[in-house]
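Two complexes come next, and they have one chain in common, chain A, joined by chain B in the first and chain C in the second.
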Partner chain A sequence: MRFLAIAVAAAVLIALPLVTTGYVVYLANLLLTFTVLCLGMHIVIGETGQFSLAHAAFYGIGIYAAGIAGTTFGTPFPVSILIGGLAASAIGFVIGMVALRMRDIYLALATFAFGEAMQWVFLNWNAVTGGPNGLRIAPARLFGLELVTDKDAYPFVVATAIAMLVLTVIVARARLGRSFRAVRESEIAAQAMGVPVRRTKVVAFGISAFFAGIAGGMFTLFSTYIHPDSLGFQTTILVLTMVVVGGLGSIGGAVGGAIAFGLISELLRQAPSFQEIAYGAILIVFMMYAPKGLFAFLADRFRGARHA
Partner chain B sequence: MPELRTPLLSVENLTIAFGGLVAVRDFSIAVAPGTIHALIGPNGAGKSTTFNCISRLYRPNAGRILFDGQDITRLPSSAMAGLGIARSFQNLELFNELTVYENILIGAHCHCGASLRDRLSARPPHLAAEIDRIIERTGLGAYRETKACNLDFGHQKLLELARALAIRPRLLLLDEPAAGLRNREIAILDGLLTDLARRDGLTILLVEHVMQLVMSISDRVTVLNFGTKIAEGTPQEVKSNPAVVEAYLGKETALHG
Partner chain C sequence: MTVTKSTVLAAGLAAALLGTGPAAAQQEPGLTPTSIKIGMFAPLSGANMAYGFDVANAAKMYYDKINKEGGIHGRKIEVVLEDDRCNANDLVAAVKKLVEQDQVFILNGGSCSAAVVAAKEYVVRNKVPLVMLNASGDGALYPPTDYIFGAFSISQYAVGGAMIDFAAKTLGAKKIAYVNHDDAYGAWNLEGAKADAEASKVDLAVESVNPTINDVTAPFLKLRAANPDALLIVTYARPAALMIKKAAEMGFNKPIILSVTGTANLSQLMQNVGGPDALKNFYFQDVLADLPGGPKIKWVYDMYKQSYPDLAAKPDHPQAYMPYGIPSAMSIVKALQAAGPNPTREKVLDAMKTLNFDSGVMAGPVVFGPSERAANKATIFIKFDGTNQTLQPGVYSSRWKFKG
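Our next item is the complex of A and B:
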């Protein structure tokens, strides 16, 4: 079953640029970027059970850091992406150390406030971010290679997304992943087992910010322009919705949610005034009828049908 | 004579207050290595408070806690496992969505190994035999891959114990291990705890209301009432102590228990 899913995914990823137009490839690039954002959100909220409502801010830090590195300093794009990830995670660790003294709704509010503050910084730090004019991003470069079109960028976007997926699986299986889940399930018991709870939360937050920063770096591979408007709370909520719709707590859910909900939201772009209402409605429907997410819901149905 | 040996755990003049309410007053206890020591008393006597203080969840207002001669009064709760102090919880604190195996594996958190390969391993091979032994010993063999929340209450209690054993403890703190168990399950627990102390040399301090278990397995019993110690001795001595009978056991237990 899993093998089949991987085979189908690989076939689709390979065939996509061969049989489709630029717009579809752009969409694929964007969905893969959101997949990495979702994996980061999954680590902090799905694995560790901590609220983080600053995901768009870390994404933005990644975009600006990678974009400025590549455009102004001409770094090769793998280095730019890494700079994006490291910048986001460095700030993530610092914010995590302060914010994770709080829990639940207070943690949610603190991270929300940080997200809003960062958007204000993006909008007003004209010298660095270009402020309300946005930032032009030069085509990504590596030695002689220059990524001009979406199709040029696509293989590297795919490779980065796969690398981050593999990294997620490695972390989840490792002792660190067990510590994350222990903290999620019972902080008091985790502590009694010798898991350093505070440090584990900060590490989860930092890794999650790293993923968001890498996603920001991926964005610079296929985009020429970024404006602070697209780095607000709405984007965080979009990522959160993807993870919840896919199924909180599972890697497959995070990936599936990003792709399924990403497609839905792209279809809804035709009717922008309904977009937000539709997001809300979808979230409510899932909370009510499939709280474990789309994939657990389908798996249950499938299993039920087989047993019937 | 266990009393003559240096205690593994000694609590000296512990006082814990919540606001104006003094929960435990000037309480001392010495637990000899390799013995089973029970802490009993009526509800609200301060047993669990004392327990949570020893496992460093509460900070005492006064007094010291010594483990193997080391002052642990100011250490964080997460340092206890590394020292070899394990505990179970009165109201189960399992990792509910995780399997029995993974629960126990997290108990072995401190023994997973420092090399990168060990750190990345989903099931560190060097722990496999030990975890198998713990699973077998606690009778959880049929439930290795069952989620903790899907176990019945008796097996959840056993899983708390199994997870604590994976810490490789020298001192085991059990908060009401028999509460809510059926007689048959209490008999299994009785055998298991006795075996852990007699054969493995584990030191056990337990809070318990089930007198049948306390009187059967304990080497020593300490009785708390209103936050102060009112009696201490062998199960026989405590059972026949008039102050204990008055405060807690009642005449019925004293005569027939």
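Our next item is the complex of A and C:
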């Protein structure tokens, strides 16, 4: 079943730029970027149980760092993306250090405040971010190749998303992933089992921010403009909703949630009169009937049908 | 079996590839002997709907009128309308859908400045004409490009400058308190305001606030401490209502002037400021040729009632910015007419650059030029006591000029 799903996904990803317009490819690029954002949030919230609400800030740091590296210094885009990831990660580690002192709602509020503060920085650091006028980003370049259209960027966006997905699986299956889950379940029990709780939390924040920064770098592959308005709390809430709808604590849920909710959001754009009601209805239905997320719900149903 | 599948797949891919390339077979996308396809986008849902929903309706009803009169050189206008949610990512998605999937000839959309600027690079690279709806969109208009035209409502530079012009000339203000947003809007209108303040030898005390601010006590007290002759509020409706209410609570009795950016719903504003007592010395800026619904622009409101009787029967419709859609649609129609019976995008763009006409809707004429892409720079001012609106004499503008 899993192999069939992977084969179908691969076929869709390969066929997409051949059989669709640039508009659909743009949506695919955006959804894959949000998928990486969701994977990052999955690591810190789903795996480690740390309620972080600063994801849009790390995403923004990634966009600005990668965008400025490529536009001002002409770095090849793989380097720019890595710079975006590392810049976000460095700040993520610092936030992780601060987060050691807090938990639950206090941690959520502190990270929320950090996100708001970063949006203020994006808006007011005119010399670097362009401030309220936004930042124009030069098309990504690599050895003379310039990514001008969505279709040009698509293979690299897909490759980066797959690489980040594989990295997530590796982390989840490694000792580090088990440490994350141990901390999530019980910090005291984890400590008793020899898990370095403080270090694990900091690393979770750092890795999660790295993913968000990489997602920011991916954004610069197919977009030439960023405005701080796009990096507010609503973006963090959108990513959180994607992760919750897909299924908190599962990699498939994070990926599926990003794609499913992203597609729903785009489809609802065609029905403006009903979209707010539809959004609310979808979330209420999920919370009532599929609290573990869409993919856990489908898996339960599939198993039930097989046993019947 | 495998061979069959491969053949089917190859045939499918080939068909799809051919299907994605109609532009190659057709010289100008969105153009047939009997129709011209116009791609519109505006916020049709969500919190920012008031900025574009009825503006798009106004443009559509104008296109319907042109169709009823026979179209343009025998071609009927076909509108494809998308919701941009006032959000950069959604707006870019809408623009790409209209251009690449719906294959429109020309774009007519954008009610939110920061969002519409996100489409600039794409539109210019693909050489698609974009005529904004009512967004100021100054970030996409300066420096000028060959493909983007806007500020049919007004340029933000002109908003700020005209506010100072009115306060200095009509109210004799020498020291002015100025509240704006700490965003692109704010930066643009403050630049215009500073140009006019310098020209009018007026002192400015400025406080830039977040559009989502909940408590304006601190910025208000700072401004009051400057002992201004007038308080100018150049924000959206929400911070404006908070500021006007706070001024009334603190006994501030100097003139308060609200920019056009905060006038989306005046009846709501009156409720939010706590009633008419807060509006004893209150003016607001508008960009129309007359009072909303006044004799000069009554035809627009009549056309709206005729075109959308169900909407017109609802409270708060038409929305305040509704008429702004007309000059934008008029400009496209005039440019298409000027481009002749065999229009191309380039011919339409050339025609756009020479437009100079009075729409009869806005305070000033629509004027473009070789390096001018902002349509309107004129504003009027109206005294409002919560019930009655009194048009103040004169038309006000800014002395700000783009220096390149």
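In the analysis below, the second predicted complex is superposed on the first by the 296 of 308 C-alpha atoms of A that agree within 3 Å, B and C clash if a C-alpha of one lies under 4 Å from a C-alpha of the other, contacts with A are read in each partner's own complex, and residues count from 1 in each chain.
In this section, a residue touches a chain if its C-beta (ideal position, glycine included) is under 8 Å from a C-beta of that chain, and two chains touch if they have at least 3 such contacts.
All values reported here derive from a predicted model rather than from experimental measurement.
Looking at the shared chain after the overlay, A:S230 reaches chain C, while chain B stays out of its contact range. Judged by the touch definition given at the top, the superposed model places A:A182 against chain B, while chain C stays out of reach.
Once the two structures are overlaid, the count of chain A residues touched is higher for C than for its counterpart among chain B and chain C.
Look at A:E276: by the touch rule set out above, it reaches chain C but stays clear of chain B.
Residue contacts after overlaying the shared chain place A:V148 against chain C, while chain B stays out of touching range.
Once the two complexes are overlaid on the shared chain, A:G22 sits against chain C while remaining clear of chain B. When both complexes are overlaid on chain A, the residue A:V195 reaches chain B alone and has no touch with chain C. Residue contacts after overlaying the shared chain place A:K292 against neither chain B nor chain C.
Judged by the touch definition given at the top, the superposed model places A:R103 against neither chain B nor chain C. On chain A, the patch touched by chain B and the patch touched by chain C do not overlap at any residue.
Per the touch definition, chain B reaches chain A in the complex via residues 55, 57, 76-82, 86-87, 89, 93-98, 102, 105-107, 109-110, 112, 118-122, 163, 167.
Per the touch definition, chain A reaches chain C in the complex via residues 15, 18-24, 26-27, 30, 123-124, 131-134, 136, 148, 150, 223-225, 227-230, 266, 269-270, 272-273, 275-276. Contact residues on chain A toward chain B in their complex (touch as defined above): 170, 173-176, 178-179, 181-182, 184-186, 188-197, 249.
For chain C in complex with chain A, the touching residues are 12-13, 16-17, 20, 44-46, 82-83, 85, 87-90, 92-94, 96-97, 99-101, 114-115, 117-118, 120-122, 125, 139, 181-187.
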